[in-house]
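Below is one structure. I have some questions about it.
Naming follows writing order (A, B and C), and every chain is counted from residue 1.
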Amino acid sequence: MALVKRETSVEQGEAKAGTKRQETGFPVVSAILGTLSLIGMMVSIWMIFLYAPTDAIQGEPQRIFYFHVPMAWLGMLGFVVVAIAGIGYLMRKDERWDWAARASAELGAFFITLALITGSIWGKTIWGTWWTWDARLTTTLILWFIYIGYLMLRSYMGRTPASARAGAVLAIIGIIDVPIIYESVNWWRTLHPAAQVGVQGALPSSVVLTLMVSLTTFTLLYSFLMIQLYQLQRAQTLAQQLRASIE
Amino acid sequence: MSAPYLEIKGLKKTYSLKPILRGIDCVLDQGERMVLLGANGAGKTTLLRILACLTKPGAGTVRIGGLDIVREAQHVRHLIGFVGHQPNLYDELTALENLLFFGRMYSVRQVREQAVKLLQQVGLARRAGERVGTLSRGQIQRLSLARALLHSPRLLLLDEPDAGLDDEGIELLEELLREHAERGGTTLFTTHNFERAVKFSDKICMLGGGRVVYQQATSGLEPVGVRQAYQEALR
Amino acid sequence: MTFPSQVLAILWKDIRCELRSKQTWISMGLFALLVLVIFNFAFDLRVDNKAAIAPGALWVAFVFASLLGLGRTIATEQEKGSMDRLMLCPVDRKAIYLAKLLGNMLFIGVVEIVALPIFAVLFNVPLFTGELLPIVLLGTLGIASIGTLFSAIAAATQAREMLLPILVFPLIIPVVIGAVRATGTLMVPSINEPPWLGLMAAFDVIFLSISMLMFEYVIEE
């Protein structure tokens, strides 16, 4: 009888190679980004409330602009990252790309929700209504729906390769669609001129500077949070694997 | 010594985070017939599905006819005839229409003649115009075999091909397998019946817990001995 | 077998199976009629404002009917949860996508052929102009190209009926806007109208190509 040993040669090789790849370097980068974000936040808040001039037409509420724009920007950026991570996963089949995709999806959804809320509040102060079908706000709302669809899809399909592929496809289609959606809503809006949320005319340099600082700070915050959520995704995957191997 | 027709190295597969195959190594030369034994859940069906290019390996390499099944899946599919647990037929189409459709999908030449010939071979010539939904289990299994053989595959992958067949059907299966081997075709099949395992195969491979626990040439083996080895290996 | 003949072979197989099982298209046709009847009661269509609502009502009916059919064509391929019998074959996955897409468009087309005359009668709207055809074609293609891809994705989940509209609706908004506006312009011509047909055509070309390429990632295990 030629009984083969219980443990295959493949498994023995793996045991010798040591534990799985370590993610080195993240704690350092994370600390740097965290500190920079904190400093940036303090500077930004000072600039937004004390340094930037008061808008002649809209008054103090216009300062929401310095929060709303970066949040909308992060909502867009977040989705671009999900799409790029999706492409990366489809090409490399490495689940770390998928961790990045899920992390960015959660972050982006969070920021785009805030963008919607701040945009709505801003619209209320200018026009007296909580919602206007302005092209940018509408596209933000549609992007919000796409985010929610993505999160629901990933949640229903679990942590499988099929789920990662489906998410990647949704993100790729979504990111190409968003500019088209924006344009079509814009065209539609020219027939239904409605209240527009935004800042008109040339902007003084102090406003531009404040906006740039705010944008940079929020982007730093996004990067810092990305690392945290990425680590969280990794931990969740490893936990699931451990649980499955015990059963 | 020419390269083996089927080469499996370090094959692993995980489903829903549960490892099903934990490193399979196996070779089959052209014209050989191998039977895959093992308890339910040992990974036989998963292994066959990977070889049939229905699902991708998690890790490891598989070569069929010298082709890598991941990189050249579409070419490999031409070489494979698969019979699984599902009949893989369309209930609303007739027996003949099913074969014609699959024949076209495989670019079989003179597809109508081939289909009619195979229907005769599996004893379904009189049922050619009946919808698959109305056929009996045994008839569906025979049609499934016909579908697998239609495009003259080089490698037959059969997951419990004897299930649902009466004695006449088993004889037919034996004859088809013999003809296939005579034409130089390679066969890999599973079964729960140890007599048939010994009778139809040249090599036995036993899976347990996702690994190969026993591999042996069949000549000189008795079904009783195989059953004993099976029970010992599972302990 | 050449690529186009693969597409046609699969399409023909689907049509035959569908005609013999009679499941999908009868319910879709009935559904379209029901939606229109409900709209008749839901919207007060006096002569002056019907032009504003009629195109929207029509296209909402088409979109909802499409969603019903989109789930079915992929579901019928999945015998007991897998598409093995088709995936075993060395057929180009892009051909499978196109065949499913054409099948979906045929089913939606059946609904449209039923719904349009009824719509014209119920709302007393002149719709038998040749210019309607490109609008309906481009709009249907847009909905179906995205819908076919996502029906394959949603089919893998338990909550597929719920998930498919959530995924598809936001993505097809440009097509819906374009189709509604273009149909409206037919009924009530206006100047300085943006090139809606061009937008829909661009949308269709882009998303047909991308969906065709992405389809295999979605159906292969």
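In the analysis below, a contact is a pair of C-beta atoms (placed from the backbone, for glycine too) under 8 Å apart; a residue touches a chain by one contact, two chains touch by 3 or more.
Quick caveat, the model's predicted, so the values are computed rather than measured.
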item	value
By number of C-beta contact pairs, the top two chains	A-C
Most central chain, Cα average position	C
Most distant chain from chain B, judged by the mean position of its C-alpha atoms	A
Averaged-CA centre spacing for the pair chain C and chain B, given as whole angstrom	40
Inter-centroid spacing, chain B versus chain A (mean Cα positions, whole Å)	48
Separation of mean Cα positions, chain C and chain A [Å, integer]	31
Multi-partner residues of chain C (at least 2 other chains)	221
For the chain C and chain B complex, residues of the former touching the latter	1, 5-6, 9-10, 13, 16-17, 20-21, 79-80, 82, 84-92, 220-221
Chain B residues within the chain A interface of the complex	10, 12, 16-19, 22-25, 60, 211-216, 229, 232-233
Contact set on chain A toward chain C in their complex	90, 142-143, 145-146, 148-149, 152-153, 156-157, 162, 165-166, 168-170, 172-174, 176-177, 180-181, 183-185, 187-188, 190-191
Chain A residues within the chain B interface of the complex	1-4, 6-11, 158-160, 240-241, 243-245, 247
Partner chain C, residues of chain B touching it in the complex	52-56, 74-75, 77-78, 80, 82, 84, 86, 88-93, 97, 101-102, 104-107, 131
